[in-house]
Amino acid sequence: MKKQIKTILIANRGEIAVRIIRACKELGITSVAVFSSADRSACHVAMADEAYFIGEAPSSESYLVQDKIIETAKKCQADAIHPGYGFLAENAEFAGRCVQEKIIFIGPKAETIELLGDKIKARQKAIEADLPVLPGEEIDVANSNDALAKAESIGFPLLIKATVGGGGKGMRVVKSAEHFNESLIRASSEAKSAFGDGRVFIEKFLENPRHIEFQILCDTYGNVVHLGERECSIQRRHQKLIEESPSPVMTPELRQNMGEAALKIARASNYIGAGTVEFMVDRDLYYYFLEVNTRLQVEHPVTELVTAIDLVKEQIAIAENKTLSFSQDDISFSGHAIECRISAEDPQQGFVPSTGTIQDYRMPSGPGVRLDSGVESGSEISVYYDPLFAKLIVWGKDRSEAISRMKRALEEFRISGLKTTIGFHGIVMENENFVSGDFSTKFIETEFPNYEFEAADDKTIETAAIAAAIDKFKNESRINLQNGKSSRAAISTWSLYHRQRNMKKFSGSR
Amino acid sequence: MKKQIKTILIANRGEIAVRIIRACKELGITSVAVFSSADRSACHVAMADEAYFIGEAPSSESYLVQDKIIETAKKCQADAIHPGYGFLAENAEFAGRCVQEKIIFIGPKAETIELLGDKIKARQKAIEADLPVLPGEEIDVANSNDALAKAESIGFPLLIKATVGGGGKGMRVVKSAEHFNESLIRASSEAKSAFGDGRVFIEKFLENPRHIEFQILCDTYGNVVHLGERECSIQRRHQKLIEESPSPVMTPELRQNMGEAALKIARASNYIGAGTVEFMVDRDLYYYFLEVNTRLQVEHPVTELVTAIDLVKEQIAIAENKTLSFSQDDISFSGHAIECRISAEDPQQGFVPSTGTIQDYRMPSGPGVRLDSGVESGSEISVYYDPLFAKLIVWGKDRSEAISRMKRALEEFRISGLKTTIGFHGIVMENENFVSGDFSTKFIETEFPNYEFEAADDKTIETAAIAAAIDKFKNESRINLQNGKSSRAAISTWSLYHRQRNMKKFSGSR
Amino acid sequence: MAHYLVNANGKEFDIVIEKSGDSYRAVVNGREQTVESSSTGKSKSVMLVDGNSHEISINSNGYDNSRLVTVGGIEIELEIDNFRLAQLKKAAGNGTGKAALKKIKAPMPGLILEVKVNSGEKVESGQLILVIEAMKMENAIKSSAAAVVKNVAVSKGQSVEKGDLLIEFE
Amino acid sequence: MAHYLVNANGKEFDIVIEKSGDSYRAVVNGREQTVESSSTGKSKSVMLVDGNSHEISINSNGYDNSRLVTVGGIEIELEIDNFRLAQLKKAAGNGTGKAALKKIKAPMPGLILEVKVNSGEKVESGQLILVIEAMKMENAIKSSAAAVVKNVAVSKGQSVEKGDLLIEFE
């Protein structure tokens, strides 16, 4: 039964909330934002049609509180809730509660989220659906002898992974048997504290893999399509930094095979909505199922740019029980798209988060440039949430044009008031191995050990020196003019020296 | 002979200079800006690799001075000059001088510009090339009897047009014989003062025509293609305001016929580079050749969005003597694009120009939105140049999505410090006849006689009233707190009244 | 608590504002609404009226009563006064009941092409007052309200700078 | 005319500035260049050096000699001084010849996970100083120059606010 959605509550914040609000506005759907005390004046609050306060700044008191979100949805008579990514997006309990409350959850069914959220069960489902997986086994942390035996049968290096959860937490690479037990205990305890579930499993570790994922869309009538791949190998601590589509190593045959594999697990898990099937790909282009993300991904725009399909609008159409308006054969890929995640972090200092108020905010634009941003001039970047605040996405007729366009757009992008990853991305765009497409998930640690990036070149330093001198000259001329002296009269060096010393008394020590 | 262009001087300013600089940056070409005294801190100066001063603010002392531009091009060793649109873009003499100075002029040959710039010769060429034209004749202003006889043979209403020039100057619609002579004299004198050439001709006047133009690209080897049409009927005083592609009335057959007609005149005039062939189309979809614009058009982005071809990069490739990399059959059209021209004008006051400094400047972005802008926060809009300062262009999978996306983007776009046409475009996007696609060049005067646009609705006015009250309440609370009073203490109405009266003495009369 | 009278586009709003925790209670012409307001920059804010979100910017000059309020990009000029004060002024025949048109200034530098009104003449809202040539275009200056012309400060053929007084009304 | 000494990234620039019509003549380590500079906003400008265009922003605090200069998005910290004054200071052993590292403050609120240096220790540029946990991530704080630790103001397990002093150098 088709149902027209009139009002959507967006249970998220930042750039993804803005992204969903934009889709709602274009569809004539009322958009409802929720906000914590840290987000009273945030972009998503200002842009939504309606906005309601749901609690204090820590997400555990606001964006993660299911009761408050459901209560707000009922108050504003929302037909549906869009969870975005993160927060409650992959929470099966929340998806189930929405159904109970007769609110459409824009995402897969609760049981699908639960099944695919458990990596052991998802792996089992993948094996049943005939997808290639890496050798691996579930292990009992309490039984260390048995665990070690299983590890040795798989062989080192191997990867210990949390059964539930993601984002690199509860994950350890183990190079040899001697470190296995210690790593096992640490991974399990990390998983327990991060996800409340200390179960872990082990998997063969690929040395220099690529991370390639497939976007899928499935309607409620069993129609399933894939929208091609995203290359997401440029990562740091398992956090993606740069994504692109197509992958530089993709071939039409491989795309067809991997796409078909993605659809197999979608069918096997009765998938509904937009989702992502992640694979590891080795140097010989053998691929292995990794996991399914049962949500809209951060990097969805690169797929939108090469397929011209709006994924958020498709999610909403599927939630309205509409039939997919295209089949696999209707989907074509045009050109090349790259996304750079713009975060409030200082790459020079090991990507330490940088908080503060955005002063100037000059957005890049022009041909082939899209910015999905959750901030504007005057916005506050607080310590409470993810440092990702914008995504810069470009389209080019080929990879080379996309790279040159991204460089141009990064150059135009100006933010003052805090440190960002804009400059870092500019350096990656000029990196030889990135440009040639020859990289793996090890790219960042191999190319930038210790996070040491090229400093400013000599010409730029000289320019800065001249700029400072001109600036000082202008200021002194102004002071001289104010004092009634000619702008050419040289100020006494001694009097200036004393004046400076006096000033320092008031401005504090340096 | 192919020639790699290394440095391009951009003989223009504003958004089109920025557009060309962006293409240069993506191609690794050094971009050189020129600027007048009014543009010292303009965006195009800041964004270009190099920038040189060429004279005072009036364009006749800077952007139109051929000597200064040629001299600057030689000084910075530019291989090529891109003229943009306006200024020297359609000046045959300038194109010729560039050739003499061994600088590539990015545009057609001087003789082509001269031929097509003369409307009588262009019309003659079109007739020879078998293009349909409206009945019309050249007339001698001095011989008024003969002129009137010719006019009567064509019939009224008719249009008097300047032989050289454009932009609506020297143009008069004459409804009956009695006003013919007076109109003729005024049109001729206007043409004389605007273009230095008082020649005029007369043409049958179509009552409710559409203005539809075709983009062409021609390389130096005789390869010619068209990139489909742009619907440009939404005009005010012959100035385009909104353009889109495809035209709501276009059919594949008509596109093929009109496209072929456009290519015929391109071939007949030995056209090289990017150009636009303009047509009038009547209610029965009969089309008539109007003129050829021998330059990049303001509205070129809509074609870029539906064809995925970068017209500025193609212009540069053609100037480098490269062969077109696609044939007519390779060109396909996808989706729908709309452009709104954003000008510093007050639509409520008959589009009177609005000058000043841009305070806040919040750009729209997100899926399918492109902004080609020549300003940023802090930019000065002066009286010296065209009030057009930005173009907002959107792409949608169909016309309906493009319109809803444009509305969304216009809503996001915020500029303070001066009046703009943003709100006006929002009103057009909701106009019934615009949405249905049923309009002609008469649209603005029919739908908005006296430029009276819908005022704010009651809800918005009430919201403004509440906002003002909250603001005043907050300020008074702050004042009370500063005075050491509780924020709840009511301030004496009488003392406030006297305080206000005293303030007014200093702040001047109202 | 404070009580205001706001005049906007010819409409009168009787507004009582009271602080209530982090938000405000606003009684507008008798109808109660909950308002939240957070500053997002100098003179800019996000305002939620019963949950409905609006981007607001307000320009004022201190104690002057006129405000230029922008609601989601739409500009609205209004006058705000303390309620009792407004009533006192009204009683004194100096009401803020109507945002009276006082003068027209040149919106840009240019040349006066035509002057269509004379001193003492009554003009209607939207009536053509004069024509200025600027940026090579003719620009019609119209009255934004009904008024009586007190003084015509320019004449045909005269050059004006932006902000120069053109017309004064009674 | 004015004569400055600028220290940036360990490099010294001897710069003489002179006004010349609407532009400036800058002699940088003996090489003459023509500079045009136009303000585009508070602390922002477009600067043309022999025609080469740069977007500049400069942050300073009055008479203090240190500046944070941004050239086309790249940040450079430098010290600028009047030339003679700089020489006097140098002679007095109080030179600005090196932008010395003085202290490290907490770049964000967080928890001190590890402290890797001790008072009196000599550190190299890029050496790991301490680790702060914030936003659920571990963040390595490194030295931006060679220096000698004077005082370690925090200890493992301590919570810090943004801007809190962590380490002082000699």
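Observations on the model:
Per-chain numbering from 1; labels A, B, C and D assigned in written order.
What we mean here is this: contacts are C-beta pairs under 8 Å (C-beta built on N, C-alpha and C of every residue); 3 or more make two chains touch, one makes a residue touch a chain.
These numbers were taken from a predicted model, which means no experiment stands behind them.
The greatest centre-to-centre distance from subunit A, using averaged C-alpha positions, is reached by C. Averaging C-alpha coordinates per chain places the centre of subunit B 32 Å away from that of subunit C.
Work out the mean CA point of subunit C and of subunit D, and you get 48 Å between them.
Here the CA centre of subunit B is 46 Å from the CA centre of subunit D. In subunit C, the residues that reach two or more other chains under the touch definition are 41, 44-45, 55.
Touching of two or more other chains is recorded for residues 47, 360, 377, 411 of subunit B.
Chains that are in contact with each other form these pairs: A-B, A-C, A-D, B-C, B-D.
Those residues of subunit C that touch subunit B in the complex are listed here as 1-2, 4, 6, 8-9, 11, 13, 15, 17, 19, 24, 26, 28, 33, 35, 37, 41, 44-45, 47, 49, 54-58, 60-67, 69-74, 76, 78, 80, 82, 84-85, 88, 102, 107-110, 126, 132, 134-135, 137, 139-142, 162.
Per the touch definition, subunit A reaches subunit C in the complex via residues 32-33, 40-41, 45-53, 76, 377-379.
Of all the residues in subunit A, the ones that touch subunit B in their complex are 18-19, 22-23, 25-28, 47, 301, 304, 308, 310, 334-335, 360, 362-363, 365-373, 376-377, 397, 401, 404-405, 407-408, 411-412. Interface residues of subunit C facing subunit A in the complex, by the touch rule stated above, are 22, 36, 38-41, 44-46, 48, 51-53, 55. Here subunit B touches subunit C in the complex through residues 237, 346, 349-355, 360, 383, 385-387, 411, 413-414, 416, 422-423, 426, 450, 452, 455-456, 458, 460-474, 476-477, 487-488, 490, 493, 496-497, 499-500, 503-504, 507, 510, going by the rule given at the top.
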